[in-house]
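Shared chain: subunit A. Partners: subunit B in the first complex, subunit C in the second.
Let's look at the complex of A and B:
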């Protein structure tokens, strides 16, 4: 209960904090939608008669906006400038602050990106089956958790290296290639498709978008497994990282 | 009963080193060399509840490292530390709610877009302060720190002095029992620094908090700390009253006199201007010299002074303690 209250308060704080940086958030929105838009244009050109391609990519844009994570800019910077010490001395788990900021940024991105999604949908005359959209909700939530855990895990490398942006950038490229943004994974060669389905990246983007677009009936199994795996790995890496931070200081 | 207990505390870092040039750079890719830096070496002291102690030393002496260990940010490589009967680096919630670490270089953490009142409200939630206690403490802090005009301001828009006042308010709103103050007056003007000193003094008087304070400003130390712990090269060089340190380091006192005569025969002249003389006299000869001066000369005014604290401490930093 106390954790929920603290998280709620932190979320409110962060929403307020980021309200002053709407122009910066707009640049993040643009960065987030560019890759799915390229995918949309390329694959719509390849399959001009398939309306599900446009529907899928509009869903990918929305899922991307709702699940973007920037812990390499937020949390890692706290390690670099030493302000993580402030967080360590607060009587609450540090991750509450990280999650609060993550949710606030996502809320702003979704709000600011909604007109882009709407305009793209109208321009391409995309129609959604709202029962499919509703059915995709738990998939989107799991995707949001997965993207956060993955980005946070990579951001934790800031305890060891000052090149965290390169590390997270590499992780983002994997998500782009194997998550269903570069190409819907159904269009990949068989072997690649099977590999992509098993890896966590598909659950971060492609799967919830496919469900929302009414294209697939995939299960949440892999998403759930990867959430458990990443929670364990993040916990272990966090403990080792904090031990290192408290051994050498900021 | 002690509030802070430090025994044989040691802290060492492994810092990577290499010689200059491309060859050494390539070599370090295969085999990295490290040098061990001993930040703290067998530091021991205790602080009783309610005591205010000054923790001084030159830059790089180990003051902030010690503060970080005592507050729980750093994990030492050796020794034992107990603060309020807890091991700080375990950072248990119950412990964190009883201490505060305020750094003059970073007085206020967290969201800078928030107003001061929002930030204080967050502290209330974080530290489980009951609303009536919160209101009462806030009223006290408003009066002591002149907070009222700042409550509706955003943190990012505060001046350095205001940030320090707000930082102290945020740290003290939950009434910590042990307060670690790291350079609380750094960068502040004379009035703001004096305001902070007065506040710390009143807070200690009201709450009986234990304070460990580091500062390079001797005015902070002289006005707040009856006890001084001097650390250098990671070792405690002195632990005791300020006056004793002064006596130990400077076997002289200063006699300041106003006279039209020439008192050079009575001691070493340190300063001379418009009939004002400052003589340096061995401590054990002060009484006799003063008597002889008054008998031999027409003295308008006379005062016996301790040498300036800055000079005493500077001497300790440069030459060490004898």
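Let's look at the complex of A and C:
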């Protein structure tokens, strides 16, 4: 209960803080939507008569906005400049601050990106089955948790290397290629598709988008298993990493 | 000549600094490989389902990706280290004050004096993919020459766009458009014919990403077109003149950030 209250306070504080940076947030929205938009145009050119492509990619854009994570900036930089020490001294888990900022940024991105999603949907005359959209809600929530855990895990490598942006960049490339943004998973060559369906990236993006587009029938169990695996790995890496951490300054 | 010597000296110093950090070197090489691998893989997936995309075959797409990667590498080497986050580093932190006091063009010092040699890995890999693309059908000499002219024009436009975005900081110091520019840059890795008409018009005339890879690649593959060549050179000259003008106007407004 106490943790939830603390998280609520932190979320409120971060939402207010980020409200002053709406122009920068807008550029982050553009960054988030470019890759799915390219996928949309490319695959619409390959299958011009298939309306499910547009529906899927509009859903991918929305899922991407709702699940974006930037822990390599918001958390890793605190390791580099030593301000993580302030968080470590507070009588609360460090991750509360990280999650609070993550949720605040996602909320702003979703709010600012909604008009783009709406305009794209209207321009391409995309229609959604609203029961499918409702059914996708838990999948989107699990995707949001998965993306956070994956990015946070990669961001934790800042305890060992100063090239955290390269590490997270590599993780983003995997998500782009095997998560359903470069191509819907069903359109990947057979071997790739089988690999993609096992790895966590599909659950971060493609699966919830497919469910919202009324195409998929994937299981939440697969997402839940990856959430458990990543929680365990993040916990272990955090414990080892924080022991390595030495504060900068006085 | 003096400016070229300055670039050479800066590059040499940056190279020695970069090679000293070997783990970082390994990271950058790996990331360059995986980045290019991702871009190529995304396109190869498309060609498992179609023979051509917007009139471009697989080999032609490889030429496009190679050219895009090559220019991205040059941008990352010579332009980004200077103008990335310019409103923050140049204006708000007062780094520009130092440039203004030095005996060389402030525009040159602010936009081209630093370099990041490790980004040239992308340039080399881009050349590799380009070679892969043209291996089956070698282009004509005229095609290669026009490609070269248009790549240089694309580089000049890239530099000018970066300077223009940086100049906005003179009027709005909190306006940070780097993320936006890097996002829009990704659109240059696909032929403009793939996109819907409004985006195509913007990418050709307003924010000319078409000039980065699409136009040079088309010239290499399909031979030179006088109109396109003249248009490319004029666009480069116009963009460079506009960047110089915006810089001078911006400097008149600049009052210094440090004391």
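As a convention for this text, the second predicted complex is superposed on the first by the 245 of 250 C-alpha atoms of A that agree within 3 Å, B and C clash if a C-alpha of one lies under 4 Å from a C-alpha of the other, contacts with A are read in each partner's own complex, and residues count from 1 in each chain.
As a convention for this text, contacts are C-beta pairs under 8 Å (C-beta built on N, C-alpha and C of every residue); 3 or more make two chains touch, one makes a residue touch a chain.
Note that this is a predicted model, so its numbers are computed, not measured.
In the superposed pair of complexes, A:85 makes contact with subunit B only, with no contact to subunit C.
In the superposition on chain A, contact is made by A:6 with subunit B only, not with subunit C. Looking at the shared chain after the overlay, A:243 reaches subunit B, while subunit C stays out of its contact range.
After overlaying the two complexes on the shared chain, residue contacts for A:235 are found with neither subunit B nor subunit C. In the superposition on chain A, A:137 makes contact with neither subunit B nor subunit C. When both complexes are overlaid on chain A, the residue A:14 reaches subunit B alone and has no touch with subunit C.
By the touch criterion defined above, A:219 lies against neither subunit B nor subunit C after alignment on the C-alpha atoms of chain A. Touching of subunit A by both subunit B and subunit C, each in its own complex, is seen for no residue at all. Looking at the complex, you find that subunit A touches subunit B at residues 2, 5-6, 9-10, 13-14, 16-20, 82-83, 85-92, 243, 246-250. Against subunit A, in their complex, subunit B makes its touches with residues 13, 65, 68, 71-75, 77, 89, 91, 93-94, 96-97, 101, 106, 109-114, 118, 122, 125-128. Taken in their complex, subunit A has these residues touching subunit C: 23-24, 27-28, 30-31, 34-35, 38, 41-43, 45-46, 123, 161-163, 166-167, 169-170, 173, 176-177, 182-183, 187-189, 192. By the touch criterion stated above, subunit C contacts subunit A in their complex at residues 23-24, 27-28, 30-31, 34-35, 38, 41-42, 45-46, 48-50, 53-54, 174-180, 182-184, 186-187, 190, 194-196, 199.
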